[in-house]
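Before anything else, here is the set of structures, which you'll find just below.
Both of the next two complexes hold subunit A, though its partner changes from subunit B to subunit C.
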Partner chain A sequence: MKVEITMPSLRPEMKSGVLCTWCVKPGDEVKRGDVLFEVETEKVVSEIEAMHDMKIVSLEAEEGDNVPVGQVVAYAEADGE
Partner chain B sequence: MPDKRKPEWLRVRYNAAETNEVASLMSKLGLNTVCTSASCPNLGTCYRHKTATFMILGSKCTRNCAFCDVPHAKAGELTAPDIDEPKKIAKAALELGLRHVVVTCVTRDDLPDGGASVFADVIREVRRTCPGVTVEVLISDFKGDFSALDTVMAEKPDVLNHNIETVPSLYNDVRPGAVYTRSLEVLSHAKEYGTSFTKTGIMLGLGENDEELDAVFSDLHRINCDILVISQYLQPSSKHYPLKRYVTPEEFENYKKKALAAGIKYVVSAPLVRSSYLAAEALEGVKST
Partner chain C sequence: MTLIKNPSHDPSFCLAAEQFILENLTSGDFLMLWRGERSVIVGKNQNVYGEVSILECEKHCTPIFRRNSGGGTVYHDLGNVNFSFFSDMGERTDYARFLTPVVEFLRSLGVPAEMGEAFDITVNGKKVSGNAQSVHRGRVMHHGTLLFDADITALSALTSHAREKAVSKAVKSNPAPVGNISDFIPQTTTVEEFEKKLGDALSDEARSFTPDEVMAIESLAGEKYRTWEWNCGRSPLFALHGEHVTLSAKNGVVLSAGEGFDFLVGRRLIPSEILSLLEEKYDTDTAEMLIKDIFD
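And then the complex of A and B:
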């Protein structure tokens, strides 16, 4: 199944986050818990983990982009429907 | 956002699925946590381990501390305490399987007892619902009202926590509405009342100097404060008190040595620790000293 990876809300008032570093690239197979990308917020850098085992298909944001919460930053394929 | 580049040690892991599980439970029960309200950087870690610090008495604070991300209550925004909140917290503690329950609050200077009776109700209800758990309360200063403090103390919390937050010279700018000596008196009174352990926390990076910190460590030893948590101030937004500097992990280790040398029994000192972070471990630690 196709999986949408989105910018998470890391705090209640968060409207967007700066995707500072990609830790994966298209074609990579990742396990649940692997770090996909890093987001810099006001207080810290958060390492965003994969929620499932999956294969990265495409990256939809570039390092340095300020991405609104909920917006797709990557697509992946995972087992299941 | 602070213009200072974040050092490499200010990194945390975040897993949305694991975070949402605890967040959903809190939302379902209509509970607030300081983890979300104060944008705690450790939220992902704590929620992953199924722990949280409950924040009672509402989501808005009557004080307006320059360092804090908890919203300040504007006129007409304060509501009466939720009389079911103690039962909801006990239910959440049971569902999460907590062995150590940490409860803090927004400061409610508008309430006659500052919300002390609600703290007491929460302690009673949690102990009734979850036998064997330990309870830590992270209280406000109750404006120095010792009768309010005694209402909490009468329930014998395992840990009485009240943060001094910063050195006295910065109180007017960082923590207006609070008084350094009054916060020391709260901790001192709690100890004299007979609480097992008192605890406090201080943030670094606000502009304090080493001499001031030495004096604080000495003050805390004088009042027999058992546990001290030393952490990095992280500026929540450009509207908050400006971050002066990031303190290195090595410096945190040195401050820990100094605080221990001053006579404080148990000290946790690191950039990302918070006064309620890994609280169960701190309690176990001080018990073994």
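And then the complex of A and C:
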């Protein structure tokens, strides 16, 4: 099953966040709870964790990019339909 | 709120202690107060080479450290009291719940403190406190500075170095006029007394680090906060458009350089190491001039 990983909304008024650091790369197999990337917004650095086990396929944003909430930053493959 | 006593003035130990508490003391509310020796502290996602004059820091014997929270570059010395709160994250980013008790404490001393727009604390329009946060597995660390009687001249000399010739996507600092809290307190108070009163006002019990915790923090400080790789090398990709030297670098290592400077490729951006390379090609005056072009 193809999984879209998107820029999360960390507070109601958040429109975008800076993807500061990738903690994974294509081909990596990650477990639920592993940190995928870090976002900085309003001087807060937040770790974004995997919601379930998956294998990273591609990264769609570069470190330093200001990414709108909801935009895909990576694709992954996970078990299931 | 439990006050964790931390008598260390070593910024690398204190920054490691912040990370240790955030990641290991995962239930309850904690506060750590600390004062670090003179140093410049950049935000986690900043480009050291774009925010700081490394030559100026070397001239003032001032080390540079990188903290684990976001935001811009700040100056520390023993006249600056840092407060670090640790708590459950809650549902959203919230600065007010941490800043409100600090503002109320300052007002109790007669200081007309207000919460500023950029998550800081101001007094009569001057910033006396900068704040940032780090979130890890549902816990939040809120870190703030309180300029009590810091060396404002040194602060200005060391942190007012936004270098437009260093271009990157890194997080930029947001300079503001700053002031010392001691200038606004009616009665004479030492920074030690101020720190003690702050701790008493914000906490209801206290404890010290255990020997095992100190060992773990020391280990983390050595592996991370005392390394060039973290403090400078974590800088993201940037391009330097100097008057004489152009280059690109990532993680503090030169990726490409303009004509005649190919010998810098693959080298770490450490002034003493780059100077040695330049002196093999140029006379001393020219090498010094090029070093300033790259680092100042």
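What we mean here is this: the second predicted complex is superposed on the first by the 80 of 81 C-alpha atoms of A that agree within 3 Å, B and C clash if a C-alpha of one lies under 4 Å from a C-alpha of the other, contacts with A are read in each partner's own complex, and residues count from 1 in each chain.
Just so it is clear, a contact is a pair of C-beta atoms (placed from the backbone, for glycine too) under 8 Å apart; a residue touches a chain by one contact, two chains touch by 3 or more.
Please read all numbers here as calculations on a predicted model, not as lab measurements.
When the shared chain is aligned, subunit C comes close enough to touch A:Thr21, but subunit B does not.
When both complexes are overlaid on chain A, the residue A:Met51 reaches subunit B alone and has no touch with subunit C.
Shared-chain residue A:Pro8: touches subunit B; no touch with subunit C. In the superposition on chain A, A:Glu63 makes contact with subunit C only, not with subunit B.
Comparing which residues of subunit A touch subunit B with which touch subunit C, the overlap comprises 10-12, 33, 38, 40-47, 49.
Partner subunit C is touched in their complex by these residues of subunit A: 10-12, 18, 20-21, 33, 38, 40-47, 49, 62-65. Residues 1-2, 6, 10-17, 36-37, 39, 41, 43-44, 69, 234-237, 272 of subunit B touch subunit A in their complex. The part of subunit A that touches subunit B in the complex is made up of residues 8, 10-13, 33, 35, 38, 40-49, 51.
Within the complex formed with subunit A, the subunit C residues making contact are 43-45, 68-72, 92-93, 119, 131-137, 168-171, 236-237.
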